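Which chain is which? They are A, B, C and D, in the order written, and residues in each are numbered from 1.
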Amino acid sequence: MSAAVSPIEQMVVVLARDLADGELGAAGAAALVPMAAIALARELHAPNLTVGGEMFFNPEPGRLYPSMLDDRALGRCEAAETFIELFGHSHHGLDFFFHSGLQHDVYGNINLHHVGGTLHAPKMRGPGAANLSYCHTSSRYYICPTVHTARNFVETVDFITIPGHLSGPAAKRDAGLVNEGPRLVVTPRAVMDFDKTTLRMRLKSVHAGNTPEEVQRHTGFDLAIRGEVPQTRPPTEEELRVLRERIDTSGALRA
Amino acid sequence: MEGQAKPTRRSKVTGLQDAARLARGALEERPELCLGGLFKQSRPVALVRALLAAGADGLHVYSSPGAGYDVDLMIAAGAVAQVFIPGVTLENRLCPNFRRAVEAGQVTAHALDALTVVGGLMASAHGVPFQPIDALRGSDVLKHNPLLHEIDCPFSGRRIHAVGPIRPRVTFLHAQEADRWGNLRHLSTMVYADQLMARASDMVIASVDRIVPDEVVLDDPSRVTVPSYYVDAVVEVPYGAHPTASFPNYAMDEDHIDAYADLGDAARTGDSTGLDTYIARHVTGPKNQSDYIEAVGGAGYFAVLEAEARNE
Amino acid sequence: MSAAVSPIEQMVVVLARDLADGELGAAGAAALVPMAAIALARELHAPNLTVGGEMFFNPEPGRLYPSMLDDRALGRCEAAETFIELFGHSHHGLDFFFHSGLQHDVYGNINLHHVGGTLHAPKMRGPGAANLSYCHTSSRYYICPTVHTARNFVETVDFITIPGHLSGPAAKRDAGLVNEGPRLVVTPRAVMDFDKTTLRMRLKSVHAGNTPEEVQRHTGFDLAIRGEVPQTRPPTEEELRVLRERIDTSGALRA
Amino acid sequence: MEGQAKPTRRSKVTGLQDAARLARGALEERPELCLGGLFKQSRPVALVRALLAAGADGLHVYSSPGAGYDVDLMIAAGAVAQVFIPGVTLENRLCPNFRRAVEAGQVTAHALDALTVVGGLMASAHGVPFQPIDALRGSDVLKHNPLLHEIDCPFSGRRIHAVGPIRPRVTFLHAQEADRWGNLRHLSTMVYADQLMARASDMVIASVDRIVPDEVVLDDPSRVTVPSYYVDAVVEVPYGAHPTASFPNYAMDEDHIDAYADLGDAARTGDSTGLDTYIARHVTGPKNQSDYIEAVGGAGYFAVLEAEARNE
């Protein structure tokens, strides 16, 4: 592998490692990174992982596309469904899903509706979101925005579009959120997880080329750095080879 | 010529302007318009442009749960009062006119989720008073969603959600093919909510890339996605989904949408001349689809989108 | 037309004449006579009549089949649906439908469940029925059994599978049956309709070769014969030619 | 041979007897079996015979809303306790063993209607606690239907009906084709409730006329009626729907069903020797589908049914 590992490639590899053989999952709206992670897991250790729950099953595109809402991104898939079946999937849930937003807060709550103001008098109106169910009905989900700044990682989001851990265990229980919720937050800089007791986000590892202090400086809340923070395990030769040769044939993850 | 002529089966094929007039009349009774496809795939954009040219306004716009360019264009043209669509985005960037109009308080954009919209269409299609929903928790959307109700579940005893029927007065769809009776054939892999919307709506008007002979339908009835019974009118419109895609025939025109969004962003920050010109050139100006095709770039331009759809 | 008109052909022609252009309807379980009637109406005066509401649209078989639950009977149809869409049709209703049963009573109620005994200790258990909704949600329906005896036309059915007019206007109103219900009863012997006031069945016309007295003798309740009973208008040359040459090409209606 | 082998994707193809054992084990936990197809079309009869040969009993049988030969055969074999199917008939005549067993009080045949069954499957497939129904009035079935409940509609204020989820422990389907992963392709015009049942059930086992190469599925994903995800096992069984039809491959065997019904009627009126012989010859006797094909009449016999399916 001549070219250096890109931060986005590092994200993909971290996510791929966490997906298990035999699971069912889907990519969410910003599909580039999640679909690459799913494809990589399928190639390396999870051939029985099913991509499903978003109206298509097991797509086999020739290259990566930014949106899965594009027939070309499905390539030769195994089956197509409609919104009626998506209604059922949304209730039955998946093993894993992916989300990202305009703002993410210390509890992993995600905002896609508005920044500043109110819903009907917003300072800045966001896109909203279609799928609000997989965050609750799926076993777990991943937060994986492709930017990581103090503006999109804030102490408290202005609107909870996608609930993470709300304001912690009690609030989560009161709201009826019984599944794991967000497990990992994977960005171009670092990996975060959540404190088991408080459910607050904390720094887990930093990608090569980043320091914990830098990551903290680009985050709008305390990342609970205590002592040594490990480096994120870089892609292996095998992971990178498969990713570049079989999945990201157009180099979209290095763009 | 002997007295009463034997009646013959009526064709549902009509022209773009007649279809727009039909829709506009219906929407004056009740302004609920629903659009097929999803985001940049199979959106009935030619029908939307024709409706805008015919002067619709005050619309309540529904869609499958995600929309972008078309809704933004309708807002730019001043035709929309309320948006009932969970996600409004160009995917790679925000919708400029949607954002501007909502921030200015000119358009109400309701906070909704996909299950509410799909469940409401299901209730309408199934003919029942409501659809139960039991997969929504913890989101602030639930505090604002105007269509969602909490009910006591008579089976589980728990509080669950329910949505009443969403019955659009008019639904616009885009399919790849139809016969003259209005039997629609989606040849794209994804059909999204088009079939559901057709069954949920009072009136359905479809644009298609081409009208095919009756035999094409009869030789493969399983391919018909929306039976003629649900369809009121069908219009043959070459590139009728542009700038969205009509796979497998042509891909979405990302460059066109991006250029439009740049004009929208300029208008949002004070300079609306580009956007006004765009609307005059693409919406109100063209007298027919041939004019539109020329305005966009002509046959050679569309050949590129056709090649992209074939992954060339 | 050399061969004589069969009683079943006469039934088909009577039913076809009552179907209007532009209507939507379906045939029900015993489809031979209804499908022939629908096809004849489409050929003669109702080209915009849609056959739909039973998961297929506008079948064009080469000949008549006893059951529409047979891909051959659909021939080259225009579209296929599934039981989910049938759920919707059952609620939205049709313009017309057809029913017949083991027993039919003076109010047009139809029994397909049991004769004698009770539901769970029946003397004779019938087949039951799948579709109970079109009798109520459709504008009207026709009763068209291919036998007419004092055993299947009884004063009161042992079980109401398909409600007709129940026990008359008050009962119908109480049960929430707001549509017309059974309009005509067409058998191999005669045509019956229902008294507008009492909703009891009465003889309307007898087919050629039958007398009112004979029909009454083969009916288990009073057919309210008052004065002259007209003869059913026989098939015209045109009706019979189209029926035999274009629809019943195998002669099933004369078997 | 270097330590841990890379896992490979598991095929779902299995044999008829293994499939029957799988089903029997699951049905011992909860006896709710559901059958695909409708009446004489695409019924999974080979799977039913294999299950009977494996010794299932006490079954609660569901189906799309109409069934005949297969349910009657299961009753003849003594495997059924309760029937939850609205219509049970051979269409041109009554089901003899169904009738006999219900009249004798040996089997409970519930009075149901199609909307209850379809609505219950819909609730299960959609993952909601119930499905509202608002199209049932005046029938005595409503007094006896054990799955139907009256509820106060929170939207209309009226009393309407509702049915809870019907979740079969095992569903048997018959399709014309599948790939080795279990993606099913129904080539028949009518698919009835097969897709719904697959989504509503705990376990799905499908017989198919043939297993096709992966490429057949990938080249036309819109033709896949039941994605692999819903399917637990798939069995290639030539003429696996016989004596029902598997259009467009072979027609229903009306003569076989009629002869069976004659034997059933004889048993009903006192002489069960013919029926016993039939079951020994067709159900418990054959060691595999080849034996069954020979018992029925051999390849030449089935060629006639194939020709009938082609309308020859």
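Just so it is clear, contacts are C-beta pairs under 8 Å (C-beta built on N, C-alpha and C of every residue); 3 or more make two chains touch, one makes a residue touch a chain.
Owing to the predicted nature of the structure, the values given are computational and were not obtained by experimental measurement.
A.B. asks: From the centre of chain C, which other chain's Cα mean sits the farthest off?
C.D. replies: A
A.B. asks: List the centre-to-centre spacing of chain A and chain C in whole Å, with centres computed as mean CA coordinates.
C.D. replies: Distance between chain centres: 59 Å.
A.B. asks: Determine the centre-to-centre distance between chain C and chain D, using the mean Cα coordinates as centres, and give it in whole Å.
C.D. replies: So the centroids are 30 Å from each other.
A.B. asks: Quick check: how many Å separate the C-alpha centres of chain B and chain C?
C.D. replies: Whole-Å distance between the two chain centres: 41.
A.B. asks: Find every residue in chain B that makes contact with two or more other chains and list them.
C.D. replies: In chain B, the residues touching two or more other chains are 127-128, 134-135, 189, 221-222.
A.B. asks: Could you list the positions in chain A whose residues touch two or more of the other chains?
C.D. replies: 56, 74, 77, 80, 84, 87, 90-91
A.B. asks: Could you please write down every pair of chains that are in touch?
C.D. replies: In this structure, the chains touch in these pairs: A-B, A-D, B-C, B-D, C-D.
A.B. asks: Contact residues on chain D for chain B in the complex?
C.D. replies: Contacts found on chain D: 127-135, 149, 151-156, 158, 160, 162, 164, 189, 221-223.
A.B. asks: Which part of chain D faces chain A closely enough to touch in the complex?
C.D. replies: 6-10, 125-128, 179, 181, 183, 199, 217-219, 221-222, 224, 226-229
A.B. asks: In their complex, what parts of chain D are in touch with chain C?
C.D. replies: Chain D reaches chain C through residues 38-41, 64-66, 85-89, 91-92, 94-95, 98-99, 102-103, 105, 108-109, 111-115, 118-119, 121-122, 134-141, 144, 188-193, 195-196, 245, 247-248, 251-252, 309, 311.
A.B. asks: Along chain C, where are the residues that touch chain B in the complex?
C.D. replies: Listed in rising order, the residues of chain C that touch chain B are 21, 24, 44-48, 50, 52, 56-58, 60, 74, 76-81, 84-85, 87-88, 90-92.
A.B. asks: Which residues, counting only chain C, touch chain D once they are in their complex?
C.D. replies: Spelled out, the residues of chain C in touch with chain D are 29, 55-56, 62, 66-67, 69-72, 74, 77, 80, 82-84, 86-87, 90-91, 93, 113, 117, 119-133, 135-137, 159-163, 166, 172, 175-177.
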